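Here it is, the structure in full.
To keep things simple, chains are lettered A, B, C and D as they appear, and every chain counts its residues starting from 1.
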Amino acid sequence: MAEKDTLKRPDLLTANGNYMEEPLVNVELAQDIMDVCRSMSLWPMTFGLACCAIEMMATGMARFDLARFGAEVFRPSPRQADLMIVAGTVTHKFAPGIVRLYEQMPGPKWVIAMGNCAISGGPFKFKGQYNVVEGVDKLIPVDVYVPGCPPRPEGLLEGLFELQRKITGKRWWPVAKQVGECS
Amino acid sequence: MTTFINIQLLYLIIALVAIMAWVGLNALVLVYCERKFAGHIQRRPGPFEVGPHGALQPLIDGLKLMGKQLLTPDGADKVLFWLAPILSFVPVLLLFVPIPYGPVLTGMEMNLGILLILAFAGFNSLALLLAGWASNNKWGLLGAARAVAQAVAYEIPMLLAVLGVAFITGTLNLTEITTMQGAWPWQWNIVLQPLGFIVFLVSAFGETNRAPFDLPEGESELTAGFHTEYSSMGFGLFFMAEYAYMVVVCSVCTVLYLGGFKGPFIDGWWWFLAKTYALLFLMIWVRWTYPRVRFDQLLNINWKWLLPLATFNLLATAFFIKL
Amino acid sequence: MTVFEHFRTLCIAKGNRASSGVDWNVFLERDYIVDAAELLKYSGFHLESVHAIDGAEGMLINYLFDHFTQGERICLRVLLNHEDVTVDSIAGIFQGAEWHERETYDFHGVMFTNNPNMVNLLLPAESEVHPLVKAPKKRVALAELLSCGEIESQAEGFDLLNQKTEEAAQ
Amino acid sequence: MSSETVFQTRAEDSIGGDFYAQHFQEGCEENTLVLNMGPQHPSTHGVLRVILEVDGEYILRAEPVLGYLHRMHEKMGEVKSWYQFIPNMGRVDYGHPLAWNWAYVGAVEKLAGIEVPERAEFIRVITCELNRLASHLLWWGAYLLDLGAFTPILYAFDDREAILDILQRPTGSRLTYSSFRIGGVQTDLDEKTVQMIRDFIPIFRERLPMYKALVTDNIILRKRVEGIGEMSPDVIDRYGCSGPVARGSGIEYDVRRNEPYSIYDRFDFEVPTEDTCCAAGRYLVRMEEMAQTLRILEQAVDGLDKAEGGCIMEKAPKPNWKAPAGEAWFAVESGRGKVGVHVVSDGSKTPYRIKLRSPSYSNLSSFAEVAEGVLIADAVSILGSLDLIIPEVDR
């Protein structure tokens, strides 16, 4: 079997050393087009956990308008969502629920860990804590981390752009100037 | 004789293909319009970056949906589960056949055109029931129950309103109904049947599950209602069917009450399209403005208001025709 | 403090709203809490909170009541021995107490008999730790923690607050 | 539970739901459906879970299951120092964090007998009232989203952004403010901020009639809120509800009026009440409260110039400050009702015990009784009208 494995494309290798099934039809161009389509229509799940959820809502609202990038279709059902924005603290009580929701999403799917709580437990990590999962990446694979407590909507938008870059391999939108570069 | 049949058949096939393209195109345009229109109602630009002014957004969404994984839930009835979206979408194609888009642009002339539309539109409620039942999901089941109760209820006043028009025109052929109306607005059926028009329009909202009557999929109550468990194109088909039904209902409304392809100066498909899209925009506008009604209120509106009004309209029409 | 005039209390202390926020501190025996709650219910009080303080002498359960119009805050206090942290539930009189009591069970392991639904509220159902129970070494004498104010009446043998008054006298 | 715990999702399926679902099912009648609303449901505003027993669409029994966002605030209170606990207060209730800031800081000040400068009190009132507006706007948008109207939430957030623009100048944050300090506030209001507030008040005052015309007078909305979720004053008493929920049932109780803290006794404002006892009453009370909040703001901004002192007391407590032993209970009025903080100190650097009394918790506890016998859609309407912030319920 080892010989056969070497014939497979390295990009089909998963983290655990297994190979994904090869696609039935594999045309490079079609794949690229699909990638662009996926990156431009990331439908998030309506899934707010805590404070960050309000900033996630604010991102979808008039001033910041997530819709410009085709990501405003918040789907309440995980079956129709592409993107899970873990916006808030994950507790031990809810951990099985998060894993289940992630499993219910159809592939290809992505996860953004929004806010310090989802990244590492954030301010709720202290000696003797008994109820917070210290980082949602202990439960499900995370693609993009957006730090902040809570992150500003601009931060979440930047996280979305980073995810688009990750999917297509290209940064699509102009990069904002660093602080100090502005005239 | 044989050549005659063949030409008929060929014509029908061309019409069906054209209708398919038309339905697909309509869905794309409508989704774009809806999102853009909603955006502007809500003080934001809506889809903007994908294509010029976000024009490619629906196309890209569609492609993405096709590329998603197809999931069948564990406890679902597999055959019925996948039959439902197909059953919801395919009959829609048939509904476009008798609609006269222009003086010669009709899929197939038939004497019972409106009857065909009303009959096959009933398939939709069956599809929604199957979808909710087969997906083995409690929210889906509740959504399906709502969908059927709603569709059954709202079909009756709609039928009665249509009958009113049929009484004045004396035909069920949609082309004939159009040609009986004049070019100018005061020569349209809406002048003769204002009550019927209102009843028809309200029933249309109910029939197509649009807000404020979008109870079968009421997001804040039933998560996603009957299509909670559908991923990928299963959901996509329901989505397209919903928009296709909107187009059908608005087209029929145009034919029955607004003079169809007839209009001032030159008759033609452009008048038809303009009127249909005006109605569609009304539907979109209402959706983004009003809250959702409650389920018992929805049925009360129907049984206590629309049905008596439609009956009264019918009786009055009959009375005046007899005079 | 006419409400508790003919009621068997352990101690009634007049607090000061400006300094501690509570007008009356009433210490009760464990068996009398339901009757006291009933009394307050008929006097038009509503329940603000039920919570426990883990002190050296035992678990002190505080029932805070307030009045919508009279503006009088009463704190009923029941001291439970650490070996037997059980008290009758007042959820039959103030239904809102059900959750407060379940929460107290979560945090401090206080059992409320006759609570209609005595399962974990905030912690996972299978959890059996009570995170706010302090290690015996870290417990502090209640007399130091509480600021009950002026003692108006006191039953014989009740000396929970005396330690402090003696200190103050010195 | 260690962090290496493997979370299994499949094992529970075979036995029909988790512990709470089974516990609930024991009391079910025959031929009824048990529905899990949440924790991931669009209208539970976060991760509240309500188990419903329904007959058709009528709810026979409801049981909220809490704790999906229990973040151990009370435990943290016993671990962190007096100062370090302030940021927690910004995260208990993300709708109206400054009220919680105030409740905690006020309790500590009461415990230590600290006098706050007058100017600091004015700044507290101004920022807290602005925050109350933001909180009510958030509720308004989310409630209408629950009722199926999509657009109002965008209008609400549009105005909310204007408030956040003002608030982030003195507090340095958009959402989780923790700018109150023991003995004052962190930053003074500068001229520009005051001017922004002065400009904002008339603009927002004009918006309120528009909201009324667009939404409040809508017949569909009226039918969805009138007579829904009736809570008699007796229910309010038994469950200890407060805030707009109590005022919507005709109880004229506002902590700012009945138990004036800080400088609220100097302002002229009304406490709106409605006797309808239903969701409509609670809705109208909140709408009217926004107008009253604007009145307070106006007076506070005018009074700010004449106020004496700085934004924080001289010789404010240092980070390793030790509070004197004792206890104090302090209550403030947040957007949701009476927020109470009970601090108990043993004279060390960390609090001995902190009890947070949240209004949402008491308001939500009445849901099981109120929702009995209503439709699912009404239950959504009732939940929305209670204005829940889940982190505040779970703490």
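Miscellaneous remarks
The definition used in the following text is that a contact is a pair of C-beta atoms (placed from the backbone, for glycine too) under 8 Å apart; a residue touches a chain by one contact, two chains touch by 3 or more.
Fair warning: this is a prediction, and the values are worked out from it, not measured in the lab.
By the document's definition of touch, common neighbours of chain C and chain D comprise A. Between the interfaces A-C and B-D, more contacting C-beta pairs are found at B-D.
Using the mean of the Cα atoms as each chain's centre, the chain most removed from chain C is B.
Note: centroid distance chain A to chain C, computed from Cα atoms, is 47 Å. Inter-chain centre distance (chain B to chain C, centres taken as mean C-alpha positions): 64 Å.
Each chain gets one centre point, the mean of its Cα atoms, and the points for chain B and chain D are 43 Å apart.
Centre-to-centre separation between chain A and chain D, using Cα means, comes to 30 Å. Counting partners per residue, chain A has 46, 61-63, 76, 92-93, 128, 130-131 as the residues that reach two or more other chains. Each of the following residues of chain C touches two or more other chains: 123-124, 131.
The multi-chain contact residues of chain B, meaning those touching 2 or more other chains, are 42-44, 219, 223. Every pair of chains meeting the contact definition is listed here: A-B, A-C, A-D, B-D, C-D. Residues 33-34, 36-38, 40-41, 46, 61-63, 65, 67-70, 72-73, 75-77, 79-80, 82, 104, 106-108, 172-173 of chain A are the ones that touch chain B when the two sit in their complex.
The touching residues of chain D, when paired with chain A in their complex, are 1, 3, 5, 7-9, 12, 18, 39-42, 45-47, 67-72, 75-76, 79-80, 87-88, 91, 94-95, 138, 153-155, 157-158, 160-161, 174-176, 390-391.
Residue ranges of chain C in contact with chain D, taken from their complex: 17-22, 41, 44-49, 51, 53-54, 62, 64, 68-69, 71, 73, 75, 93-96, 98-99, 107, 117, 119-127, 131-132, 140, 144-147. Across the complex, chain D meets chain C through its residues 1, 18-20, 23, 63, 66-67, 70, 72, 74-75, 78, 107, 110, 113, 236-241, 246, 251-253, 258-259, 325-331, 338, 340, 342, 344-347, 352-353, 355, 357, 361-362, 365-366, 369, 394-395.
Chain C makes touch with chain A in their complex at residues 123-124, 129, 131.
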